Each structure stands twice: as C-alpha cells, then as structure tokens.
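One chain, subunit A, links the two complexes that follow: it is found with subunit B in the first and with subunit C in the second.
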Partner chain A sequence: MALVVLRRLAQLIFVLLVVTLLAFWMINLLPGDPAMQILGYGGDEAALAQVRAELGLNDPFWSRYADWLGGVVTGDLGTSYISSIPVAESLADRLPVTIELLVLSQVISLGLAIPAGLAAARRAGGLLDRVLTTTSFGLLSTPVFVSGVVLIMVFAVRWPLLPATGYTPFTTDPVENLRSLLLPSLTLAAGQLAVYARLLRSDLIATLQEDYITLARARGLSPRRILWRHALRPSAISLVTVIGLNLGALIGGAVIIEMLFGLPGVGRLIVDSIFARDYLVVQGGVLLVAVGYVVVNFAIDLLYGLLDPRIRHAS
Partner chain B sequence: MIHVTTRRRLRRAIPALSLTTCAILLAACSGGGSGSSNPTAPGGKAVPGGRLIYGLAADADGFNPNKDSFAAQTYAMAGTVIEALTAIDASGNWRPNLAESFKPAEKYTQWTIKIRKGITFSTGEPLDAEVVKANLDAQKASPLTAAVLAPLRGIEVLDPHTVQVHLTTPWVGFPATLAAQVGMIIPKSSLADPAKASRQPVGTGPFVFRSYTPDNRFVVAKNPKYWRKGLPYLDQIEFRILPDNQTRAQTLEAGGLTAMATLRDTDIVKFGKLADQGGYRMYRVAGMSVPEFAFMLNTAVAPLDDLRVRRALAHATDRQAFIKTLRSGLTKAADGPWSPDSKWYVPGGYPAYDLNQAKALVGEYEGEKGPIRIELLSVPDPTSMQNAELAQDMWRKAGMDVTIRQADQPDLIQRALTGNFSATNWTQFIAPDPDGEYSWLHSRFAAPVGGLSINMPRLKDPQLSAALDAGRGNPDEAARKRAYATVQQRLRDQLPFLWIDHLTTSAVITKPQVRGLDQYTLPDGSMGKALSGTPTHRFDQIWISR
Partner chain C sequence: MLPEQKTVPAKKRRRFGWGFRLALLWLLLVIGAALTADLLPLPDPGTTLTGEPETGPTPGHPLGTDGLGRDVLSRMAHGARVSLGVGLGAVFLGLLIGGPLGLIAGYYRGVVDRIIMTANDIVLAFPALVFALAVIAFAGASVRNVLVVLGLLGVPAWVRLVRGVTLAFAQREFVTAARTLGARGSTVMWREIAPNVVLPAVSYAFIIMAVVVVAEGSLAFLGLSVQAPTPTWGGMINEGRSTLETATHIVLVPSVVMFLTVLAFNLVGDRLRELTDVRQSGLEPARPQRPAVRAPAADAAPAPRREGPPPLLDVVDLHTGFRTERGLVRAVDGVSFTLERGRTLAVVGESGSGKSMLIRSILGLLPGSGVERSGHVHLEGEDLAGRGPEDMRKVLGTRLATVFQDPMTALNPVRTVGTQVTEPLRVHRKMSRAEAYETAERLLASVGIPEPRRVLRSHPHQLSGGMRQRITIAMALSCDPEVLFADEPTTALDVTVQRQILRLLHRQRDERDMAMVLVSHDLAVVADHADEVIVMYAGRVVERGPADALFTAPRMRYTEALLRAAPDLSAPSHSRLEVIEGRPPDLAAPPAGCRFHPRCPFARERCRTEEPALVEDTIPGRSYACWYPAGEVPDEGTEEGAGDLTAEDGNVGSVRHGG
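Then we have the complex of A and B:
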C-alpha cells in the first residue's frame, strides 16, 4: 500500500509539473497584456511600463515560471494581478462552494440513477426500461443552461419554493445554504444521472448473464437480493470510473452552472481570470484542478479493490 | 465603458470612461451647502428602514480608488461607502459634495478647495486638508489615474480645511473630474494599507462596509454617524453579483432581488410592460450620460486612412436596421457622441444611408488603389457578434470585402491602444460634460501605429483639437457650445466613428415599493443626476414604501 501511495505521489508531482507548465505556456501565448488589462483604456506608456515592472512581466518566461514554482513549494501561490487577493485565499474561499455543489449533485444523481439503473436492468426491454431510457435521452440532450432556467422558472418564479440564484455559506445559515444549492445541484445532476443510469443498466444486464448469477437464481435467492448484493457491486466499476472523471472535471468545469446561479465557485474564478489574463490565479486554479483529478482518481483506484475482490487480490 | 455586454467586458470596460469621463463642466458654480437632506423625499414622505437587494451583472476588481479600476458596478458598491469631493447635478453640472467650495484663480490654473468641517470617516479619522492632499497625491502617483490628473502640478495645504491645487494648463472642469474615482476620498489608514482598502472600503459615506464575498455579495449597513442628517433611509443594502442576464431577471421576478441593473433591450420590453401595470418601476438613462454604440475606425491605416472609404462605410450603414433588429426599436439613431436631449447637441451633417453613394465611393477608391479589405474586430459574445455581422452584411453590399475577427477583451484593448485594427465595435461617451471626451479625441493623444494611443482612431484633426482646447479652457457656456458644435461637425466630416445609436437600454428595474432612486438632493440642495452610463446612481435617498 505504501508503495502504491509513493508511486501515486511521484505521478502526482510529474502530472502537476507538466500541467502547470503547459498552462503557463498557453496563457502566455494568448494575445493581450495583463498590464493593459489592468490599466484599461486610460494608461500611457509610462504607466504601462510601471505596471509591467511591478508585475514582473518583463522577466523571461522560464524565470517567471520558476518564480511561481518556487512559491508553490513554499506554499505561496502568488497574488492576483487584478484584485490583489492572495491566490490561495481566493481558491480557499471558492473551494467549499465547488465541493458542496459536487457532493450534492453526486448524491442526487446517484440517489436517482442507481434505483433507475437497477429497475431498468431487472426487466430490460420492459415498459419501465423504455420509459427510463427515453427520459435519460431527454435529460442527456438538454443543455444545463436550458434545464437551469426551466428549474428556476418552476421552483423559484412559478412556485417560490427555492431561491433562484445566489449562495449562502454553510457557516452563515446551514438551511439556507442547502436551499441555495438545491437548484444548481439538481441542474448539474440531471445530465449526470442519465449517464449513470444508462451505464449501470448496461453493465448490470451483462452481469446478470454471468454464471454465478444463474447459480444464485438456482439456489432460490430473491431477484432483489441478487441485484443488490451480487450484481450491483461488480457492475459498478464503470460507474465509479465515470464518477471519478466527472468529479475531476467538475472541480473547475461547473462554470456554466456557477454563472447561471451566481455561485462563487472555482470554475468561475478560473474562467474570469483567463479573460482578465490574471496568470497567477489561472495557475493556482489549474494546480488545484490537477491535484483534484489525481487525488480523486487515486481514491477511485482504491475503491476498485473494494468493489471487486479479484482486483484487490491481483494487486 | 467600452465594449458591450458580458460581465467581464463590463468589468474592464467601464473604468476607462469612469476615469476620464468625469467630465469637465461649467466652472462657475461653487459654494456651500447646508449638508442636510430634504426632509420630504421626492415621490412621497420617505420612510426610514428597510433593506435593498440589488442585482449587478459583474463584480468589482477592488474598492480602492487609488489602485483599482472603477467600473459601473464598482461605483454602485463602493459609492455607498466612499464619497467624492464633488457630485453631478441633474443638469450635468458639478456641485460641491465633500468639498464646501471650489474657487478658481490664475485663469483656471489654480483651484482653492475648502473642505467641509465636522466630517469623519467611519473609522473615526477626521476629513481634513491633509487627507485630501494625500488622496490627490496618491491618485497622481497611481499608474491607473495619473493620466487623468496629468495637468496637476502640485497641491498645497493652506489651512486644516483648505487645499490649493496648481495646474499646468487652464482646466475649467477640474472640479467635475473630482466627481468620479480620482475625487473619491479614503482615510489615511486605507492609504497606508492599499490591499485592505481594496477589499474593505472605508469612507465618509452614508453606509459602512459590512462584508464582501467575491463574485457573490457585497453588504453595507446604514452609517449612524453620517454627516448629512436624516440620511440614508435604508438600513442595509446587499449587492448580489449575478452575471447571467436571464437568471438575474428571474431572480427579480422571484423576489430574490428588489432592484437590478440591466443593459438588455429584452428586459426593457418585458419589465416595461409590467411597469405599466404597476408591477415594477423602471429608470432609463437619458441625456449626456447615455452611452453611444458605434464602429470605431482606425484612420491611420489603409484603407480607412482614406476619407472616401470611411464615407462609403457611413453611407452603407443603415442605423435604423440596427435599432429595429437588435434593439427592439427602443433606441434612437446617433449622429455623434452626444444625445439630442443634451444642451451640447447640434444636428446635421452626418452621411445618410445611401447604398448607391457608398458603391460610387467604393468604385472611385478601388479604381485608384485596388480592393477594399476591412477586418472588423468584435468580442465573441452573441450581442457584439450580431452587431458585427449586421455591419459586415451592409458593408459587403456596398462592394467591400469585410471579415470579422473575434478578440477577447484583453486582446481588443491591446489592439485598440496600439492601432492594430481596422474597425471595431465600440461603446463609449458617457461623460456628463463634453470635456470628458477630451483625451479620446484630441490629436495630442494620437500616437503612431504601434505606440500607445488613447486617441484610438488616431485622428489628428487640428480643427477638432482646437475646438476641444477651446471647450476646456473657456468658462463661458456660449463659447463652449460653439466649440463643441465644431467638435461634432468635425467628427461628422472626418468619421473616426460610424455612429449607430444612443443606448438608452441602460436601465435600473425595481419592485414598486422602491422609491427615490431617480430623484435626490445634493448637499447644496440642488437635484442630483439620476442615472448615468451603464448605469450608475446614488443610494443614499432610496427608501422602501410600506
């Protein structure tokens, strides 16, 4: 186990170096000057030179990257060019919003997708399966900016049960916090639950063809017990893999949801910073997403062993 | 502000104007005021108390006037806490605010500013001449605002409540400039800690800062020690940052907001109908502070360095088609930077839509110099692209080869300032006084292509510049009107901009119980300017009807 962790740690460092270097290189390729962005249309040559010098923008690419990397090693991610807020502080402020959104959306989508997938697989081709398949396609083909607006219209405007937009921190008011995240989480969950349900259904159907399931049926086990106890776990490998990839992607990628619902999440911070050429915030965000990806997928790898003993024994 | 629509764009855009735009106004008016508010607020008897939840499309970069670019949303939020030395009245003239009076001397190269006595910051620090000098010195030293205060030579403290400002050139409208960011006064403790001042604004204003969560909300509470007795009326204001136009409007409908700012014609149409039925109140910008939408042309590069091509473009551009198809018919066609309802406006002389005339000019030019190829820059949001595509279609019909190049805001800023463009979408000109546009149009600020040029069309027109100088240095209103009539005439002759419309779709929509937004008094008793720009307004005399 310790060896696995060490190997993963080495991979993590390598991935982070490559990803942050590429991100730094790519954002430097973008046209537009952060100093001009800060000054807007009102600066002159002297002001521009002053701001560029203050930000260290005249230094060579490698020197700036090395400076940033040196800071990261000592726990300093730098300070935003635009807002002057330390990058680590910005990310720490945004991360709880993103994590809450991710957790709640996964709970909702899995809470609905697992029963739906089981029900559909139990009688594949039946009426319920066809209804669930059609619903899944409907959810999959609806963009989040449409489903979000519709959910707001229904649950905030037509029946004012939930706030339409905005975010209340958990520490301020836990109930209001949950209410403020329910609609965005539902919007985010809608597309995911369709994917999860479809994936689980197809894997379950394959698993239900296995010999050990036939044996279980022959031994007189109930269909419910067979499904929940013997078929679900080995059928969840693909589902868990996709959840891992989803979580990694959503750490910085739930930006549309964050914009729609006015949530101050990590995705919105990164996208805004790209448009503002706020290099250090982008770098910090990329680092966070990369760490998130690696950590989540490491956890998923560990989970494989729990789900399927054959994998555990093989490793 | 400059470039329309998405929140990031707004965030970066408005500062440009905000800095320079604080126009130059008529000199003469100065004087004191009682410092107390009108006991009977416009629109009925004001009721103290209540909370306003106000939706904004974008967040601020920071709230330190010496360090951060102030856009419309920054003025909304920080303006509740930090006050300026002057304010703009309903006629667009400057009035004393934190200052008690301004007295010009030496042909407007020297101004003596008397500061009101007895005002303190919410930290308890006194407002005095030393603080005002320290703020103006900091503004002069800041790369962000140094260009605006370029004529400022020095500041002298005459007594604890008087400073004297020395300028390098006559500047009639200097006090008007102090109504915006460069005139906003923060205490010495904030000057000493600029990073903290960026996030926790402190001022003398009607409200005191309570909390700020970036990209989420900014909360202020009533300042019980505010120097204008009886103000403000509201107990609390919560600004919510909601970047999506659709969901911001839905939040207002759902009751999550009591007011919101918008630039969308669809909001004007929808809430306008509801306002007619009493469901909402709507306030739209008017007069000099209305932004104009135009296409800015680079007059320093071929083929747009040839006036015939610029005239061909003007003749080929059907302004009514823009208004009908992209503004729901809500705006009026523009023929210059100032609205017809402004006292500075003079009509006439702008090329009419005439496709045949455009084709003839194109043929004449191409016969001499070859095909006309124009690259039109646009930020990649849908609204801006619709404007660009409509223009492309019109200009192609006149026989010109027009391509659209998408550029995000930082790229566009760089291209515009360094002259690396032919034509671009443009929204600007919200100064309440025409002198506010001085730097954008004067040939002194036009650098060769490659250099940094605030005069972005790079038009060097001696008559235009002379008229701008006359408007800046002469206190006589009739003389100024003549000067700015010449400015408008030269802009119509030389066409550095193809004017499209006055964007009166900039508005604030509120629930019906929100009152006093458009009518308020300044410390000297005069009525203040209602909405301006994209849009901004004051909050100290807003009240909630019960």
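Then we have the complex of A and C:
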C-alpha cells in the first residue's frame, strides 16, 4: 500500500507540473502584446513597461515559469490590474460557495442514486427498472442550463417557493443559505444522479450474478439484506472511481450553475473576469480548479484502496 | 475439467424500435432546417421588430417572437447551423487525431501504447469545460476556436475507444493470418483492422455529437461561443431568461429543441452501440413474463408413496426450464429421488447434464425471470412449493445448506470472514454478536481451521482455496442443517486438498446425522463416499442405484461410458484415456428417442425413435433407462461403432475407481 501511495504521489506531482505549465502558457494565447491586453487599451507606455517588468515578459519563457511557479507555491497568484485585489484573495472569498454547491449536489445525487440503482437492479427488466432507466437516460440528455431554467420556471416563477438567484452566506442565515442553494444543487445533481444510478444498476446486476450472492440466498438471507450488505459494497467501489472521473463534468456544470443562479463562486468569478479582461484572475481561477480536480482525484484513488481490502492488503 | 456449459441465447436480433426511428426523424428535421435555413421563407434571424415583441405563435411567426421582436423559428434554424456545424467539425477533428493514435496504441501495444495512454490520462485529468473556457478567454470566441477546442477535448475519448476495439481485433484469426503471410504492420493495421473500427466509431460519433452540442450550448449560454449577431441555442436560452415571467416560450423553445436533439443523438448512438458491443448483447436482462415459480400442478397434495414416516427429502418429478430465444431449455426434466438421514446421494453426469441446476431448482435459487419450474420437493412430508419466499428462507440455511464448487467466488471479497460466518447465526438463530463469534470460532475449529480467531478477522483473499472451502463448509453447517447440498465441492481445489475436504464432509455427515447430496463429475469421489447414485444425462435421470452395484456393473450405456472415461490412476501409464465422443445435446431441442443415442455406439433403430423409461432392475433399488442395457445384449450384436468402447477392455466389472 505504501508503495502504491508513493507511486501515485509521484504521478500527482508530475500532473501538477503539467497543469501549472498549461495555466501559465495560456497568457501566451493572448493576441498581440499581452501587457497591452492586460492593461486594456488605455495604458500609457510607462504603465506598459511596468507590467512587462512585473510579468517578466522580457525574460525567456522557462525562467518566467520558474518565477511564477515559485509565487504560486507560496500562494502568490499576482494582483489584478483591474480591481487591485490579490488574485489569491478573491479566489479564497469565492471558494466556499463553490465547495458548498459541489458537496450539496453530490449528497443529493448520491442520496437519490443509490436507492434508485438498488431498486432497479433488484428486479432488472421489471417495470420500476424500465421507468428508472428511461428517466435517467432523459436526465443524462438534459444540459444543466436547460434543467436549471426549467426548475427556475417551476419553483421560482410559477410557484415562488425558492429564490431564483442570489446567495446568502451560511454565517448570516443558515436556513436562507440552504434555500438559496437548493435549486442550484438540485440542478447540478440531476445530471450526476443519472450517471451514478445507471452505473450502480449495471454494476449491481453483475455483482448479483456472483456465486457468493447465490450462496447468500442459499443461506436464507432476505433480498434486502443481500442487496445492502452483500452487493452494495463491492459495487460501491466502482461508484467511487466514477465520482472522481465525474468531477470534471461537475465543475463544468458548477460554472454554468453559478452564472444561472447568480452565485458568487469561483466559476462566476472566472467568467466575469473573462468579460472584464482580468486575465490574471482567469489564470488563477483555472489553475485553482485544475489543481483541485487533480488533488481530489488523488484522494479518491487512495480511498478506493481503503475500500477494497484486496488492494489494501497488497504490499 | 470442462467448464459448466451455459445456455447462452443466440445473439439477439433486436429491431431498432420506434424510439430509434423517431430520434432519426428528429435529427433529419434539425439537419434539414440547418441546411436550408437561408432558403426557407423565414425572416432574417437578426432583424429586430419583424413583428410584435414577445408574442406567442402567430401565422407569421410559428414559434413567436423574442424580446426584440425577432422570429424565433428563424433563429432556431440558424442556431442549428452553429450547434451541428461545431458538433460535426469537432467530431471529425477528434477522430482525425484520436483515431490513428488509438490504432497505433492498440496495434503495437508495449511501450508505444504506454506512452500514448499515459499522455491520454494526463489530458483526461483536466476539467474539460473550464479548459475550454480558459482557451477561449485568451484566444477569443469564434467558431474556429470553439470548434478546435471542443475537437481537441474529444481526442482522449477517441483514443480510448479506437484502442479498445483495435486490441480486440488484433487478436483475431484473420489479422494473425495476414501477419503470417508477411503483410507489413501498417498495411495490416489499415487494411484489416481500421475497417472494423468503423462501426463502433460511428455509434460513438453520435454520442460525442451529443456531448459537443451540450458543450457548445454551455459556452454559448455563457456568451463565449459564436458572437452576436449569429444566433446560438445556448445564447437564446440565456437571453430568454430575462423574459421568463412574461414570455415563457422564448426560453422554452430552444430548451426543448436542445433537449430533444441531445436525446436523439444519445438514443441513436446507444442503439448502434448495443448492436456492435458484444459484451452488452448477452447481458440484457429478460423481460418479466409469467410468475417465476409456477403454481404446483393439479396433483398438489403430497402423495405419500409408501407406508411409514415420510422420507427426509423427497423430490418428485422436478422440471426446470429457461425460456430463451431458441425455445425452452429443459435443464432439469422430470427428476425424482428420495433421501434419508445419514445417507449420501451422489448426482453424476457430464458438465451441462443439469446436475447443478437440479440443486438450484430444489432450493428455489433460480434467476428471477424467464424460468419455468414444476414438480414437488417434500421436506419431511411438507411440500416446499407451498411456502412463500419468506417462509422458504426460514428453511434455507437452517435445514437445507449448500456448499458450492469454487471457494474463490463463494465468499464475498470485501467482507471479513467473521461477518460472513456469523451472519446466518445472527439472522436465523438471533444470536448476539459476541455469541455468534464464539460459535463461529468453534465451528471453524471443528472443520480443521487453525487459529480460527485470526481467520475470522481476515478477508477471503488472504486465505488459500482449501481454507476458503472449509469456511464455506463451516458456514453451511452453522445452523445444523438436515440436508447438505455439496455442488462439486472439490472440483476447484488441489488434488491433495480434495481428499481432506471430502473426508471432512463425510465425517460431518456422520457426526451430525445429516443427509448429503453430493454433485460431482469425478467418479472416484462418488465411489468412495456415496451410498446411492443417480446418473443424469441431458436433464434426465438415466440410471440410479446403490453405489457398488452401479459402479461394478452399470446397465445404462452412458454410465458405462462415463466409467470408462474416468482416469484410473492404477492403470499402466501408457494406457489410453478414453473420452465420450460427441457433445452433450442441445437442451432446447434434445434428440428424439433415447437422448444419448447420437453418441452411443450401441444405438439401434428403436433408440432413435422411442425414449426408454426408467425400469427396475433385478437388483433392488436400481433402475435404468436403456433399450439395450449392458450385460444383457451380446455386444457383438450391435451396429456401427461397437468397437469404439469395447475394444480395449470388454470387462466392465474390472474398471476400478480408486484413483
């Protein structure tokens, strides 16, 4: 196990280097003079020279990257030329909102997907299974901005039960906080729910054909007990991997949700900054998201090892 | 050892269904609208105030107008161009780059494969939409940039798919043949493998289309796809949000169209994939039909067949069949037997003769759907068919216990041995955790497991096969069963361990005064441990009787052949190991007459037309189903092929089964 962790750790560091390199290189995509783009077109020659010096645009690419990476490691992502706020600070302000949204949506989607997958697999081919399979296929084909608009139309416009936009911090009012996040998390959960339920169903159907399941039946155990205690755990292991792989789609969805519901999260900060041509914030935001994604996947890989005793004991 | 023959239904020729056709129709409609958007008599999509703003459907504007009075239908048609155009472009770009990479990785394997797949995994390690956002933020939003970014993001998925298909095909005969004939690697790759990748790639292209349409829609929704005045679906949904309360249709039309289009692409791709994916076709669960277990036949009343107390286990005319595409597969076809305490009944036959299915049928452990079962199982006179699933579970594990063939798969890999062994004790005996563990420890010790306390804490993969089988036996014995069903309990084990396990089972039977049903195709096992034997062929009992009589002088020709096929370790090493020619019959369409006749060297005309019934022999308790049984008809009187079985050793009685 220790060896596995070390190998994965080496891989993690390599991937993180590639991620930072890509994020850094993005500035080079800017057409023309990056300094001019960053300042907007109003900057005078002196300001431009200052930006060039600060960004080290006159130095070779690799030494600039090394400098920048040194800053990143110490939490220095630069300071926005537009708002004059350190990039790291704006990101730190926005991060809790995004994390709350992601966690809440995962709780909702798993909370619904696990019972749905179990119910469908219990009588594969039955009426309930067909209804659930069709529903999840439909959910899978619904873009988040479509399901979000529909939910707003139903729960905020037609019957004004929940706020359509806006965000209340948890520290201000916990109840309002949950109310303001309920529609966004539901929207984000809908697509994930379909992915998880489908996967769990097919995995459970395969598990239920194992000898140890037949033997559990031969020991007179009830179907409920067999499903929850004998079949769910082996199948849950593959579910965990998919949760990790799915995180990319989830983060993409979160960006749209934050725009749609007006949540002040990292995704909205990135998009707003794109329109404001606040490139350093965009760069920092993208870096944060990519690093978060890679690190969470690393953690899930370790968790996978802990869940499966066959891997845990492999030395 | 032959694997148990499974009845796999012939590959399903599923029709596409109406969903698939509707989906295709919708896609044609959208594509048609996109192609002819300029030719149709529609107002210009960018012209404002072509009519009243925010009106619903009118004759001039079939889908109404938006907040600026622009025609929604026209904007939808022009928006389709962006969605489909970007989608198509991205799919081709991804395939163009990912296809060859996947082919190379799958064909050459080794280092090339590892390098390509590692790079692939790294690219996959980026959240796609955020990456696209960033690139477009810096490089600018234009059709070209959106198309290139979405196309590149699809590359890893294409590499993975094409590599998988290539790997599968690179092993096939025609590819190996081409290679042996001296064709160059690249020629083989492009001529022999690439064409076979086309079909899966087409189905995948539809699914990727759905993904790209959603991704382009997402960018457009954020205002980062093609810029105004060109209309996009995502952009229309975004604009429509401001008029949600006054004119719902402005947001609803693009939402519904987008949903239907994505759904249609997914549906078509999914159906096509099902056709090409070999793994998928066999796993389709059967549609539920009639109730799984049929109500007992008319003569449901337990008819005691003899005087005195009822036998411990009495199986009467048990039938079990599976409904498949080819008809009913009769796995168990009218089997009856009785069994008393302290005795072992052996069920022998080749793989696929219905032995294991007989056990599962007696215990009611059949798959949920597509099964037809009839007949009776009486346990001390009580018909188990009268018990519902709940009551049946009270018998299973307590009075009837089971041990399976493969101890590697019989234990749940992710639960500790302790939880598994104590489970029946806690469920059936309602023991506390501590009590159950104490009992489990004694149980494991009684089946010869050293350090039971440590073993209880371990996971199955940490133990050897023999240990695991001892554990499954301990589990089976935990609630003091009256009948133990052992389905090939030693087949998957080492020869040295086999003996120990058999002795263990035998000893436990004596100590606990249980009855045992021992299923085996190893006649040496049976000869040493069984009191009575039934021989099964094609789902039927073809001979039964006391073990000694049956082994020394078999009557049915199949039994005779089985005995000859058993390896005899005491025979000189140069002697030939005989096999039974031919294969077991197709249980969906068994041969007419005696089911063994196509493989029987003694078969005559009568065997081909009339099915022999089980008849009593002169030895009490023994019966057989054969028109021309061994030891009765002179062998030289038989027809063709008589020599095959008798040439080497005419005297059946001399065959030994010690092994």
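General observations
Just so it is clear, the second predicted complex is superposed on the first by the 248 of 315 C-alpha atoms of A that agree within 3 Å, B and C clash if a C-alpha of one lies under 4 Å from a C-alpha of the other, contacts with A are read in each partner's own complex, and residues count from 1 in each chain.
Note that in this section a contact is a pair of C-beta atoms (placed from the backbone, for glycine too) under 8 Å apart; a residue touches a chain by one contact, two chains touch by 3 or more.
The structure displayed is predicted, hence computed values, not measured ones.
Contacts of A:Gly70 after superposition: neither subunit B nor subunit C is touched. Comparing subunit C and subunit B on the residues of subunit A they touch gives the larger count to C.
When the two structures are aligned on the shared chain, A:Gly125 is found in touch with subunit C, with no touch to subunit B.
When both complexes are overlaid on chain A, the residue A:Pro115 reaches neither subunit B nor subunit C. When both complexes are overlaid on chain A, the residue A:Val157 reaches subunit B and subunit C alike. Within the superposed three-chain model, A:Met26 lies in touch with subunit C and out of touch with subunit B [touch as defined at top]. Once the two complexes are laid over each other on the shared chain, residue contacts for A:Tyr167 go to subunit B alone; subunit C is not touched.
Look at A:Val294: by the touch rule set out above, it reaches subunit C but stays clear of subunit B. After overlaying the two complexes on the shared chain, residue contacts for A:Ile251 are found with subunit C alone; subunit B is out of touch.
Looking at the shared chain after the overlay, A:Phe275 reaches both subunit B and subunit C.
Residues 30-31, 149, 152-153, 157, 259-260, 275 of subunit A are contacted both by subunit B in one complex and by subunit C in the other. For subunit B in complex with subunit A, the residues that touch the partner chain are 2, 8, 11-13, 15-16, 19-20, 61-62, 67-69, 143-148, 194-195, 198-199, 213-217, 240-244, 246-248, 250-251, 253-256, 407-417, 451-452, 454, 456.
Those residues of subunit A lying in contact with subunit B across their complex are 30-34, 36-48, 50-51, 82-85, 90, 93-94, 148-149, 152-153, 156-157, 160, 163-167, 169, 259-264, 268-269, 272, 275-277.
Residues 122, 125-131, 133-140, 210, 214, 217-218, 221-224, 234, 237-238, 240-241, 244-245, 248, 251-252, 255, 258-259, 262-263, 266-267, 270, 283, 285-288, 360, 363, 365, 368-369, 390, 392-398, 400-402, 404-406, 409-415, 423-424, 427-428, 459, 461-462, 472, 475-476, 485 of subunit C touch subunit A in their complex.
Here subunit A touches subunit C in the complex through residues 15, 18-19, 22-23, 26-27, 29-31, 123-127, 129, 137-138, 140-146, 149-150, 152-153, 157, 205-206, 210-212, 214-222, 225, 229-230, 233-234, 237, 247-249, 251-253, 255-256, 259-260, 267, 270-271, 274-275, 279, 282-283, 286, 289-290, 293-294, 297, 307-310, 313, going by the rule given at the top.
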